[in-house]
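So, here come the structures, one by one.
The two complexes that follow have subunit A in common; it is paired with subunit B in the first and with subunit C in the second.
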Partner chain A sequence: MNVSQLVETLNLTIFSGSRGLNKPIAGGYTSDLLSDVMGNAEEGDVWITLQTHKNVMAIAQLKDLAAVVLVKGLKPDADTLVQSEAEGIPLLGTNEPAFDITGKLYKLIANDSGLTISL
Partner chain B sequence: MNRFRTDLHIHTVLSPCGDLEMSPVNIIARAKEQNLDIIGITDHNTTRQCGVMCELGNENGIFVLAGAEVTTREEIHCLVFFEKPESLKNFQQYLETHLPFIQNKPSYFGHQLVVDRFDNILEEIDPLLIVGIDQSINEVQQKVLELGGIFIPAHIDRPRNSILSQLGFMPDNLNPDALEISGRSHKDDFLNLHPELNNYRFVRNSDAHIPEQIGRYYSHFFLDHVSFNEIAMALRGEQNRKVTTP
Partner chain C sequence: MHFTYLITGGNFTHAGHASSQVKRILKQLNVNPVTIKRIVVALYEAEVNVVAHAYRGNIDVDIEPERVLVLITDEGPGIADIELAMKEGYSTASPKVREMGFGAGMGLSNMKKNSDKLIIQSQVGQGTHVELTTFLTQ
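Then we have the complex of A and B:
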């Protein structure tokens, strides 16, 4: 699955960084502490957060993330948009809260890799 | 230059986490005991205890810097200070406009009391003061700048509610007057871990919530004389004014 397919399946808004829509998705990470994301997110993850600060894109670039999804209808700061464009990392949005969109992403990734979700 | 012992991070009884013993009279008395020349009053998201603190400070020969400890939208704590009463009032209105209403639960968070110089309770504040306001750190700094205030991101070395914990690293578009380092580390040790912050100025404060903590960590300000402008210049390292963190 790539970012473009994710956007379509989960009906996400594309704010910026559409140059990176063909990036493949390896996994996901949900956190609002940027220090935590710096330490623990992995390459190819989709990062789900409510933080809209410019540093979000710097960390997405540093960790080579596939995309960033802002939750609850939050809009990125102006300089966050600029950085997303510059890095070519898609900055996406949803009206849903982090819990819901994380659940959906998890299910998609599990299906995609042929895993059976056991609860 | 003259040396002034300074602690710019003190909570009063108005902060929910501030001890009931943190009354204006007790704070001034303890500051005198600790030989502090300058203190900062920094309740969470409110400046409403500053008036009486400044009066008492004046009467007792302690310079009181009036301000607040703001929680930004990213849940970063920042110390802010203002010189003029009208600027302080303007900032108080800004805080009230942007603080979401969440009812305080005193049994859990503590009481939020505005008191006078005789420890009479004037008002109990309803909205919980420690929650984040709906303004980003950049927006808060912009507002402080407009009002000619001082802006100091708090306890940068702490693993929560600091720039480093919430934003991962120092954004290049922030221009703080100084950064606060808490009692948990020494400036040199901290800079060894974070050499990228070498060009910033630092101030060390107590973050006192009970009287015994006032002045336990402090800074030396080297000023010509004590005034808001001199303090601001020292924080910015201007014209030979400076701050050291013993």
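Then we have the complex of A and C:
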């Protein structure tokens, strides 16, 4: 699954960075603590967060993340958009809260990799 | 190879700039991607610490075939109790910095986990000096 398919399936808004829509998705990470993401997210992850400032894109670039999803209808700061464009890392949005969108992403990735979810 | 970067305290718009440059250089030098990631995580945390706590600082990156040495020196309040500061969850960051998602007390432990040698020296009221060493030989 790539970012573009994710956008379509979960009906996400594309704010910027559409150059990176073909990036493959390896997994996901949900957190609003930047050091937590810095220390624990993996390359190719989709990062789900409520943080909207420019440092989010710095972390996404340093960690080679696939995309960033802002939750609850939050809008990115102007310089966050600029950075996302410059790096070609998609900055996406949803009106859903982090829990809901994380659950959907998890299910998608699990289905995509042929895993059976048992809870 | 030697590179120097300046950091201005309080200026979060440029936080991560030096880390990004160093990442690019290490990539060009064909350093193993896993090693690059570790160096970048440690350096980013150091950079953010200077921005969040100090007045100004500089980063010296020295790359040799067998190791990367990063020196971060700042003028700032210093760290009174380094052992306490190393504890995960401990932070003296301002509420404003915490709202941005920084100041979770994970920075120094990220630096320790992602370097082969970490030395922190600090003088209260003057500043902090950090040495991060990462070995490149497998």
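Note that in this section the second predicted complex is superposed on the first by the 119 of 119 C-alpha atoms of A that agree within 3 Å, B and C clash if a C-alpha of one lies under 4 Å from a C-alpha of the other, contacts with A are read in each partner's own complex, and residues count from 1 in each chain.
The definition used in the following text is that contacts are C-beta pairs under 8 Å (C-beta built on N, C-alpha and C of every residue); 3 or more make two chains touch, one makes a residue touch a chain.
Being a predicted model, the structure only gives us computed values, none of them experimental.
Engineer: Taking subunit A as the common reference for superposition, should the pair subunit B and subunit C be classed as clashing or as fitting?
Structural biologist: Aligned through their shared chain, the two binders clash on subunit A.
Engineer: Scan A:M38 for contacts with subunit B and subunit C and give back first, second, both or neither.
Structural biologist: After superposition on chain A, A:M38 lies in contact with both partners, subunit B and subunit C.
Engineer: What is the contact status of A:K54 with respect to subunit B (first) and subunit C (second): first, second, both, or neither?
Structural biologist: both
Engineer: Between subunit B (first) and subunit C (second), which does A:V82 come into contact with in this model arrangement: first, second, both, or neither?
Structural biologist: Touch status of A:V82: no partner.
Engineer: On subunit A, which partner touches more residues: subunit B or subunit C?
Structural biologist: C
Engineer: Which residues would you name on subunit A as touching subunit B in one complex and subunit C in the other?
Structural biologist: Subunit A residues touching both partners: 33-35, 38, 51, 53-55, 58-59, 79.
Engineer: In their shared complex, at which residues does subunit C touch subunit A?
Structural biologist: 12-13, 15-17, 19-20, 23, 37, 40-41, 44-45, 48, 100-102, 104, 106-107, 109-110, 113-114
Engineer: If we count contacts the way the header does, which residues on subunit B are in touch with subunit A in the complex?
Structural biologist: For subunit B paired with subunit A, touching residues are 74, 136-138, 159, 164-169, 171, 173.
Engineer: In their shared complex, at which residues does subunit A touch subunit B?
Structural biologist: It is residues 33-35, 37-38, 51-55, 58-59, 77, 79 of subunit A that touch subunit B.
Engineer: Using the touch rule from the top, collect the residues of subunit A that touch subunit C in their complex.
Structural biologist: Residues in contact with subunit C: 32-36, 38-39, 43, 49, 51, 53-55, 58-59, 61-63, 79.
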